[in-house]
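Paired with chain B in one complex and with chain C in the other, chain A is shared by the two complexes that follow.
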Partner chain A sequence: MTGPRRFLFVTGVITLCAWILVPIYLIALGSFGGRPAVFKWPKDWLPWNASLDAMLLFLRIEGVWNAAINSVIAAGLTMIFSILLGAPAGYALARFDFRGANAFRLLVLLTRAFPLAILALPLTVIFIKLGLYDTPFGVSLVHTALALPFAALVTASLFVGIPRELEEAAWVFGCTRWQAFTKVVLPLALPGVAAAAIFAFVISWNEVFAASVLTVRERTLTAYLLTVLSESPLHYRFAGGFILIVPSVLFIFAVRKYLFAMWGVSSK
Partner chain B sequence: MAGIVIDRIAKSFGAVSALKEVSLEIADGEFVALLGPSGCGKTTLLRIMAGLETRSSGRVLIGGRDVSDLKPYERGLAMVFQNYAVFPHMTVYDNVGFGLTMQKKPKDVIDRQVKKAAALLHIEPYLERYPAKLSGGQRQRVAVARALAVEPAVLLMDEPLSNLDALLRLEMRAELKSVLREAGTTTVYVTHDQTEAMGLADRIAVMHGGKIVQIAPPTEVYSRPASMFVGGFVGSPPMNFIPVEARAGSVALGGQTLAAPRASGALTLGFRGEDVTLAPPGEAMPFTVRVAEPMGSHLLLTGRIGDAVVRVVAPPASIVKAGETVGLRLDPDRIVFMDAATGAATDLAA
Partner chain C sequence: MTQSRWLPYALIAPAMVFLGIFFIVPLVQTIMLSFQGGSGFGLENYSKMVGDLNFGLAIKNTFLLVLTVIPLQVGLALAMGMMLQKMTAGRDVVLWIWTIPLGVSDLAAGLVWLALLQNTGYINSMLFAMGLIEGPTPWLNSETPVTLFVAVVLAEVWRATAIVLVILVGGLQLIPKEFGEAAEIFGAKPWTRFTRITLPLLKPSLQSALILRTVLAFEVFAVVYALGGRNFPVLVGEAYVWQRENQNYGVAAAYAVLVMIISLAATIFWLRALRTKPEAQA
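Right, the complex of A and B next:
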């Protein structure tokens, strides 16, 4: 790269990193520095008096672990449901010409047009009747409804990008439709499917409203923290926020290989 | 090893009829090229043979077995695709062995067959590589090796060379011919490139508008086209056509009298550019040269006889200039007469 282009590139990278990392860093400072770090101004940019006190205290708050487990269950189920339902829908959109394909494409997005606030009351009633109220499974059903449009549309674009000829070649060389899908299409789509799955996980992990309305005792972490932390000192809130951020970041970091890897181009 | 019978296959997409009851018999071990312009139905016919496309009516028999309603994997054939369709997430070795793995062959058999196919196509050095690291020509070799490794009864090829550059295409063409001759596989080869069809095939099926308009060995398709379309499509330069009038069973052309298939009436006379000899203008058919192109191996002359555009191949040393009028003498054994109205060949012997 030449001088000016390299400069632009580097500043771009730095800006983007700062955009994401500075707030996360500030939250970390707040959660590890205790009360003084939260209120001190100007800030110490290095954690001089870092301690795990706030964090440990936070983790000892009653119900945090239970809520965290609920969150993981709800997000995990959301991830599984939205891929199991979304990927076949995406495949159908990508490979078959059927009447109403475009209408479906639009309608699937319309599920996001209904505000959850309107749906919340009827959903609560139905969930109570069905015995789904106050369960992570019930929460994951609502979260799946939220994540499904993206799962279907993202996987559809993935499958469109895989040449039909590859599948046909698999058929000719002895594969059934299902085998061709598992042996050829799926491995090629895997990085994208993983990305769609993580996206579904993160949607569920971050969702507060439905989770708050549909649970009482078996809260997810976000819903639980919302109620508990509104009464807590500021540095506990920072600790809670930090704990909410970390899993998403770690999860995406763990599967970055699938997100970045293109075939024949391994990530460094 | 198996022959193929295509029995009145028809295909329509909605109101559009892509194939109109096409029938074709291909002998065991024969190499048949389906040749035609784009949209003539040749690829559709091939895909129906492979089971990748549904037919509207008719039957396909491979080795005497009716495969019309079988899935592609039940038909026992192999295919080479236009865009290679080499699996990018598998090594070359796994690609070549894919068909055998699907047939659940033992590992040592797979290994032997893969090595053999790889040797045939000179891709042994790349067996452990991924296709992304190969050039287009190498990928095409992998695709052909993958098809040959299963030792298929029937090999279908859909414009396999069209994505290669001209020099590579020439090289691959010759290699393909020798490899397939050695393997003795029944092959159907779809192409729009008439030199490929001429060079490779035992027989050429020329397709036009969803029908096979002529099926014959290359030399016959070339010199005795069944219609004006075939004559104009096959050969470079294409066949020349001039309107003539038959009188008393013969056609008089500037000093030459040629036997005509009909006693009288309008006919179209077809001849190849190389089947003429130049003569002094007074003694033969007058030909007004507009452009003379020295091609090295020959001199290509473009001009007019009457109102018809004619291209003639003259010996490289001929001295002809643009604007000149020369005489053309036709080789009476190598001309064809077409019906002026239908464009179909009329048999001289009849």
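Right, the complex of A and C next:
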């Protein structure tokens, strides 16, 4: 590319980067500026009046801290469950040719054609009976149903990428199947499995509908924000939004290498 | 090895059982629940749903949103994907920035755009500085349905284009460079190369992106609530209201079934519309 065309191209790329970044910067301004920043007219575009106080004030509101902890617990459990259940399934899909493999694949793909979170509606009744209603554990079970199909498909594509011969060589040298898996395959797959785990965490951290339907007092952060939305002042809403965004952005940075394994055609 | 006969089944069993309990069972239950009314088994919930004032609006709003947002997202993601193909320096950084919204929840995205679009927000400040408005102007209440709609579209395009982008970039990387180079030698212009080579070979990725996005788009809910509260009814939002505020699980379930049927229909539509013959795949 030369001259004006190159200029146009670079401008386009920069504009699209700004389209993503500027709104995040502005909600950060809104959440660190507190009440005065929200009603300031016209707005300051630079953080002259930003301070940590506004954010700390938000965190000290009754329920916020508890909701944040619940979110972390639910997301952590989702992460553990979806890997513990999903990774073995992924390994089976990658390494074995067995009857029913296609049926399982179909089930996993079918979950994508359904609005899964809505299925939390009938679960409230059973959860109340079982004592799971209004607990982060109950929320994490529904979130695992959301994250598990991804975990299975991602780990399957990871294990496909690790040559079967490495494992077979380990068997030849006297390793059992389990030893070969833990000593040879697992170390190679670990970064990818970690990425899948982080992704499960983000799915749960961000989910709104099921979390709102399944909790009353022990709300997750998204459920808490949704219910107080109409009565809370704007700067608190912005602070809440900003806190929701920060961990996800960091996580996406951590897993950026694996994004394509997760969403590429290979996982179709 | 005899072990390998039962081992795969043992490995998939936990996941299978879990999905059975938390996917198939609630699915059946939702359908049952939607047919159970005060006077026994029947269509009572459905007639209540259809008779509700917000029902028509929710249908109209949801479909309008999907039909506006999806083409914008696919167009934008294609443009971004082609830009990334041409990029050499800084590609990784740009790709990271463009995929940040992948981790942003719909609720957070709604709140981000609320910060920009509220009465004394940043967009109004900018319009004020350009002399286009005279003071703080509301865009997001029930008297401004058009701008509220535009706001939801902006927030949805901002947030969920990234997922389409990632799927399409994954697909673009699978297309052999030689195809484009050969076409170039035969004198095909960039636009011809794009429509005749890139797009057809991208069909499988386009298909999975469209299925995923359409299903999620019909679930739109938190973005709308963050921006306009109850001023802009959508299907899943109505399900939430019936369950939470009216404590009527039956009508909520009827909404859920409706959303499922629409999602399933959309999936089948994309599977047929973008069918690829096995031998035509890259």
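The rule we apply is simple: the second predicted complex is superposed on the first by the 210 of 268 C-alpha atoms of A that agree within 3 Å, B and C clash if a C-alpha of one lies under 4 Å from a C-alpha of the other, contacts with A are read in each partner's own complex, and residues count from 1 in each chain.
Just so we're on the same page, a contact is a pair of C-beta atoms (placed from the backbone, for glycine too) under 8 Å apart; a residue touches a chain by one contact, two chains touch by 3 or more.
Note that the structure is predicted; figures quoted are calculated from it, not measured.
**Q** Looking at the overlay, does A:Leu166 come into contact with chain B only (first), chain C only (second), both, or neither?
**A** first
**Q** A:Gln179 in the overlay: touching chain B, chain C, both, or neither? Say first, second, both or neither.
**A** So A:Gln179 only meets chain B here.
**Q** May I ask you to name which of chain B and chain C touches more residues of chain A?
**A** Between chain B and chain C, C touches the greater number of residues in chain A.
**Q** In the superposed arrangement, does A:Leu188 touch chain B (first), chain C (second), both or neither?
**A** Only chain B is touched by A:Leu188; chain C is not.
**Q** Intersection of chain A residues contacting chain B with those contacting chain C?
**A** 263-265
**Q** Could you list, by residue number, the parts of chain B that touch chain A in their complex?
**A** That would be residues 50-52, 71-73, 77-79, 81-83, 85, 87-89, 98-99, 102-103, 130-133, 146, 150 of chain B.
**Q** Considering only the defined contacts, which chain C positions touch chain A in the complex?
**A** 3-4, 7-9, 11-12, 14-16, 18-19, 22-23, 26-27, 29-30, 33, 79-80, 83, 86-87, 92, 94-108, 110-116, 118, 120-122, 124-125, 128-129, 135-136, 158, 163, 166-167, 169-171, 173-174, 204-205, 208, 211-212, 215-216, 218-219, 221-222, 225-226, 229, 236, 239-240, 243-244, 249, 252-253, 256, 259-260, 263-264, 267
**Q** Along chain A, where are the residues that touch chain C in the complex?
**A** Within the complex, chain A touches chain C at residues 1, 9, 12-13, 16-17, 19-21, 23-24, 26-27, 29-30, 38-43, 45, 81, 84-86, 88-89, 91-93, 95-96, 98, 100-101, 104, 107-108, 111-125, 141-142, 144-145, 148-149, 152, 177, 202, 205-209, 212-213, 222, 225-226, 229-230, 234, 237-238, 240-241, 244-245, 247-249, 251-253, 256, 259-260, 262-266, 268.
**Q** For chain A, which residues are in contact with chain B within the complex?
**A** Spelled out, the residues of chain A in touch with chain B are 163, 165-166, 168-176, 179, 184, 187-188, 263-265.
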